[in-house]
Amino acid sequence: MKPFDFVQPTTTDAALAALAEHSPNVRILCGGTDYVVELKHVAQSPGVVVDVSRLEDLKGIELTDAGLRIGAGVTHSQIMADKMIAEHAPAMIDAAHTVGAVQTRNLGTLGGNLVTCVPSMDSGPTLLALDAQVTILGPKGTRQIDLAEFFVGVRKTALEPDELLLEVIIPSENLGKPAGFIKFGLRKGQALALVNAASAFRIEDGTFKDVRIALGAVAPVVMRAVKAEAVLEGQAFSQELISEAATVAVSEAKPIDDFRASKEYRNSLIEVGTRRTLEAALQLANG
Amino acid sequence: MADDVKVKEKEVTLESLRKADDDLRLPAVPERTLFPKEIGVAAAREQTPAVGQRATRPDGRLHGLGQTKYIDDMFFPGMLHAKIKRAGISHARIKSIDVSEAEKMPGVMATVIGKEIPVNSFGPSYQDQPLLADDIVRHAGDGVAAVAAVTEQQALDALEKIKVEYEELTPVYDPLEAMKDDAVKIHNNESNVYSSKTIKKGDVEKGFEDSDHIFEATFTTQMVEHVPMEPHASIAEWDANGRVTIHTSLGRITLGRADISRTLELPINRIRIIATVVGGNFGGKNEITTEPILALLSKKTGRPVKSVYTREDEFISSTTRHPFVMEYKTGMSKEGKIMARKVRLVCDGGAYCSWSETTLGKACILSAGPYNIDNLHVDAYAVYTNKTMTGAMRGFGAPQVCFAYESHMDDMAKALGIEPVELRLRNTFHEGSASPTGQVLEAVVVRDSLEMATERFGWQEWQK
Amino acid sequence: MRHRGKGVGCMWYPIGFTVLANPSAATVKVNEDGTATLLTGTVETGQGSLTVLGQIAAEELGIATDDVHVVSADTDTTPMDTGAIASRTTYVTGNAIKLAAENAKQILFEVAAPMLDVRPDQLEAVDRKIQVQYFPQRCLPIADVALQAQFVMGRPPIGSASYNPPTVAMDSETGQGKPFSTYVYATQCAEVEVDDETGQVDVIYMSAAHDCGTAINPMLVEGQIEGGISMGIGYALQEEMLFDDDGKQINPNLTNYIMPTSLDMPEIDVDIVENFDPTGPFGAKGVGEPTAVPTAAAICNAIHDAVGVRITSLPATAEKVLKAIKEKNGGEQKALPAAE
Amino acid sequence: MTDVTITVNGEERTASVPPETTLLKMLREDLNLTGAKVGCDVGDCGACTVLVDGIAVNACLMLAGQAEGKKIETIEGLSTLEEYHPIQKAFEEVAALQCGFCGPGMIMSTKALIDQGEELTKQEIKDALSGNLCRCTGYTKIIEGVIDAYEEITGKKVPEVNPRAA
């Protein structure tokens, strides 16, 4: 690794101060499962690395008036072991479980996964399907935006260089909303996603309501398949409709062709993944 | 502007950091590992007769305690770290290599390029592989220069300063293309086909005539890596008597020593190789890699020099398994007896021969499968391409041909309406069968293995 | 839909180099307390060969595995060996060790013979004793004999020997000849489950029956077979070095080079086929390489059985399998709208 | 240079390292604890697995500075002068390790798993080891070793399941 300076603030204020002081030659480090790998390959030193893994404000999972709050520094393992998440957003546990292997999940954080913002991130689709919001802390205080707006491009988020991702909030109305998640990788253990899919909806009076279909690794950022959602929204549920929505989802995605898989294959997986997550959510909805 | 100043200051700090890193950091007191001084021995180790016992491994105990010293776990006083610069271009003529800037980098103690190696070639069959490419680069993972520095990072930083000028040459990657007469020649040979083997037994054309059915199929396989968990690693130390001691992860030390002797023009009795424990081989550690380079770096610096491959080095510059193109034609009687078989094997031999000769030979012999075939004709070719060299790997060509002949067998079984295991049983070798090379086989238990594996599987009663 | 299928792969494999000399030499030193030290130039690369070679020396000397200490892999101290390659260690190095131990034992017999009032050729070494054949009560502890040999007779019981498998060069036109001294045989069966919508193949179960002649150490033989199967599974389904148009490897790392993890491994039942090769040490042949040979064939045949598609190019990735399924189904498969 | 103080296998240790030093490098080169191995150096292979405050992490992905003040357990700290650790013992007895390079990481992952005190199934064991790559064993005897150690330590049984049952 190229030499850099390392600061380890213990308060968010100190962290923000460090970011402000060293900007733009500064990078944030939390779990390190992605960033330390990057550090080993970069040709230029980042200058200063600010380790935010000790910030108490980034920790904890709790129910608030707004909904379920998950600190950005919460690890995937902590998500998997959390009873509140198991009760209110179990699909998040399925998603967390597919992140790397135990060691990666023990170090890697939810916030880190979102901030890294690679298309194949495993946390994104479920959170999008549950209309998650994120709280960003900066020199001017906090701001809250939809997760969908947070994702800007490949490895690009709405975070300014002097800002910090504080927490993720799943709105209270979506707690317990039936949701399904599926990941397709090249092997069973430790796989990068070829396609990720998450679906969520409610059944009211026998019709689909608040349908969300989110896809990962099929576009520059994790995306919602809004046309596919529209196919179902307000309709009486049927298997044919689910299949149709899955087909429409394929038309919305823009997967790439690469050495891991062809575009055609990813399209097949989008169709299957969308359908299967819708079916999984349906099963939950039907209790 | 203010930012610029800050960055400048930063660089000074970083530079001083690096300087501090120049001092060799070696642990003063070895850490201790605790374990009971009297661990019992498993009964199987104490019993006679010894053969047939499920005896535990004394080395296994040390592995579990974390006490096994692999090469990378050895630190000698004053030891330097070496790194190799890879060409990153698959076919080119080297016009010049300039290491002068690299040599000025902090911590750098020595460099070596191919021209400094007394005999810059090695290989188990043909000595067609340079330790560091000095004239022609033949695959992207070819090394072109080596650096020894106080720390690994310093060596890596210095690699960036080595300037190599290349004249690009046309590459060829596909073995079938490379076989053609007009293909660019990767070595200074008439053809890229550097080895061919033939087996002829009986009269294959007559056999086809006597067959009720003829089946044809083509199979291909991919290039794979051994992926030993321990990457290649060596430490060389040149001593005052002109002897070099090399700790290395090499699976065949006697022949490796001969290779090192040849490349360094050093009498064999001045070379000592200690392989201690190798962290996985699978055929991938059967050739020397950096040993002579490290020896030279040690000679130049008077210090022990260590090199440990990164995982990337392991992939791009160590040997791999040969991709094969396999054409099969088999004549069958309607009762399911193999009457004749013709096989053509083309093996992608990569940039250097390595163990391809042997691999080709074994694949050729084994390609008929464990079956009695009176009329057989196999032709096999190994071809140079501008890819990572292919060499010895668990099975030497056998996994490739087995995939082909057994897939082919099942397809024929289906076409003939004969149960796949039954079709095999009708053709397998038995005691005294003649192999494709006419060798009378003894201790043949292929039928037993078929019966045993299928019985354990529950083949007969198995249902979808 | 998920479909189960079964497949078989059968193979043969030779031990040692093709025709070429690939000798091993060994030295066995019996210490004055009846324990022994074995010097071999082969290298332990993980298989457990040193344990197996120690067992061979112990067997010949009639002592236990733990009584033999093995020194290896140092060109200054250990004798010539062709090395850990070509599944040859148990067979070739093992034969050399057996012969070396036999030579050391011969000295023990010559020393023990007058002590037991018999001829040396009437003795045998069993259970840490030198005893008269058919008269087990007429015996001496091997320690006593070794001590006598060393300090009274002045004949340290040290034996050295070498072995090279006998071969006959192959005819250049027809390839006829005897390239190898011996061969092993094996069969593996695979049960797979194929998802016909994603092409994903799960290997659920494998049975493997391998011939290795006498299994010197069945536990280590099993380990070789299980390990070979895992390598075979990677070869069959996932692993591939990929290159870009400039001949540079795209996936030179373990993130993108997909080798099996613990989650990708099936249940495995291993059987060792009973066999005895009179040319091998105590009937042993070898087992290292063959274990990885028939796996891919068995798996691909199982895929064929499950969904009726023949994969002719390895690896049988999910993508390749799905493509083959779609081609087979032709128009039956629902057409997906073309993405932009 | 940064001074990093960690508790390793129960003993407080300090080393002065450049900030870009990983915990793995510090353990291996400054504290001479070479049990944790460098297999890939990017968190894929798990050969460097150590426990940090009881959880398994890849030491190659943690900066030494991040470990400041934490409790680190490495393979060297498992057995004591009195006791051969049951995991190490079980691994030896079933010949779980072949070349052994993955062993220390494998054993540390196993320790973290068993220390959690949960009831384990074979699938959970496989899941817990999926970050530790092994090329020699096919994981079969390693899993056998984990099961033996778990049963020895906890007195519980890992339920038998037949994966072939549909």
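As written, the chain order gives the labels A, B, C and D, with residue 1 at the start of each chain.
Simple rule for what comes next: a contact is a pair of C-beta atoms (placed from the backbone, for glycine too) under 8 Å apart; a residue touches a chain by one contact, two chains touch by 3 or more.
All of these numbers come straight from a predicted model, not from anything done at the bench.
Centroid distances from subunit A, each centroid being the mean of CA atoms, peak for C. Of all chain pairs in this entry, the one linked by the most C-beta contacts is B-C. Inter-chain centre distance (subunit A to subunit C, centres taken as mean C-alpha positions): 47 Å. Centre-to-centre, using mean CA coordinates, subunit B is 29 Å away from subunit D. Inter-chain centre distance (subunit A to subunit B, centres taken as mean C-alpha positions): 41 Å.
Within subunit D, contacts with two or more other chains are made by residues 18-19, 40-42, 44-45, 95, 98-100, 126-127, 130-136.
Taken residue by residue, subunit B touches two or more other chains at 17, 21, 54, 56-57, 59-60, 227, 277-282, 311, whereas all remaining positions touch fewer. For subunit C, residues touching at least two other chains, in rising order: 4, 45-46, 48, 191, 205, 219-220, 228, 231, 251, 253-255, 259-263. For subunit B in complex with subunit C, the touching residues are 41, 44-60, 88-91, 139-141, 171, 173, 197-201, 217-225, 227, 250-257, 271-283, 285-286, 311-312, 314-316, 320-321, 358, 361-362, 364-366, 369-370, 378, 386-388, 392, 394-396, 398-399, 402-403, 405-407, 410-411, 420-421, 424, 428-429, 435-439, 441-446, 448-450, 452-454, 456-457, 459, 462, 464. The part of subunit D that touches subunit A in the complex is made up of residues 2, 18-20, 22, 41-44, 46, 49, 55-58, 60-63, 65-66, 68, 109, 112-113, 126-128, 130-132.
Across the complex, subunit C meets subunit D through its residues 4, 45-48, 191, 204-205, 219-220, 222-223, 226-231, 253-255, 259-263, 265-268. Interface residues of subunit D, counted against subunit B in their complex, comprise 1, 18-19, 28-42, 44-45, 47, 74-84, 87-89, 91-93, 95-104, 107, 133-136.
The touching residues of subunit A, counted against subunit C in their complex, run 101, 184, 186-192, 247, 250-251, 253-255, 259-265, 267-269, 271-272.
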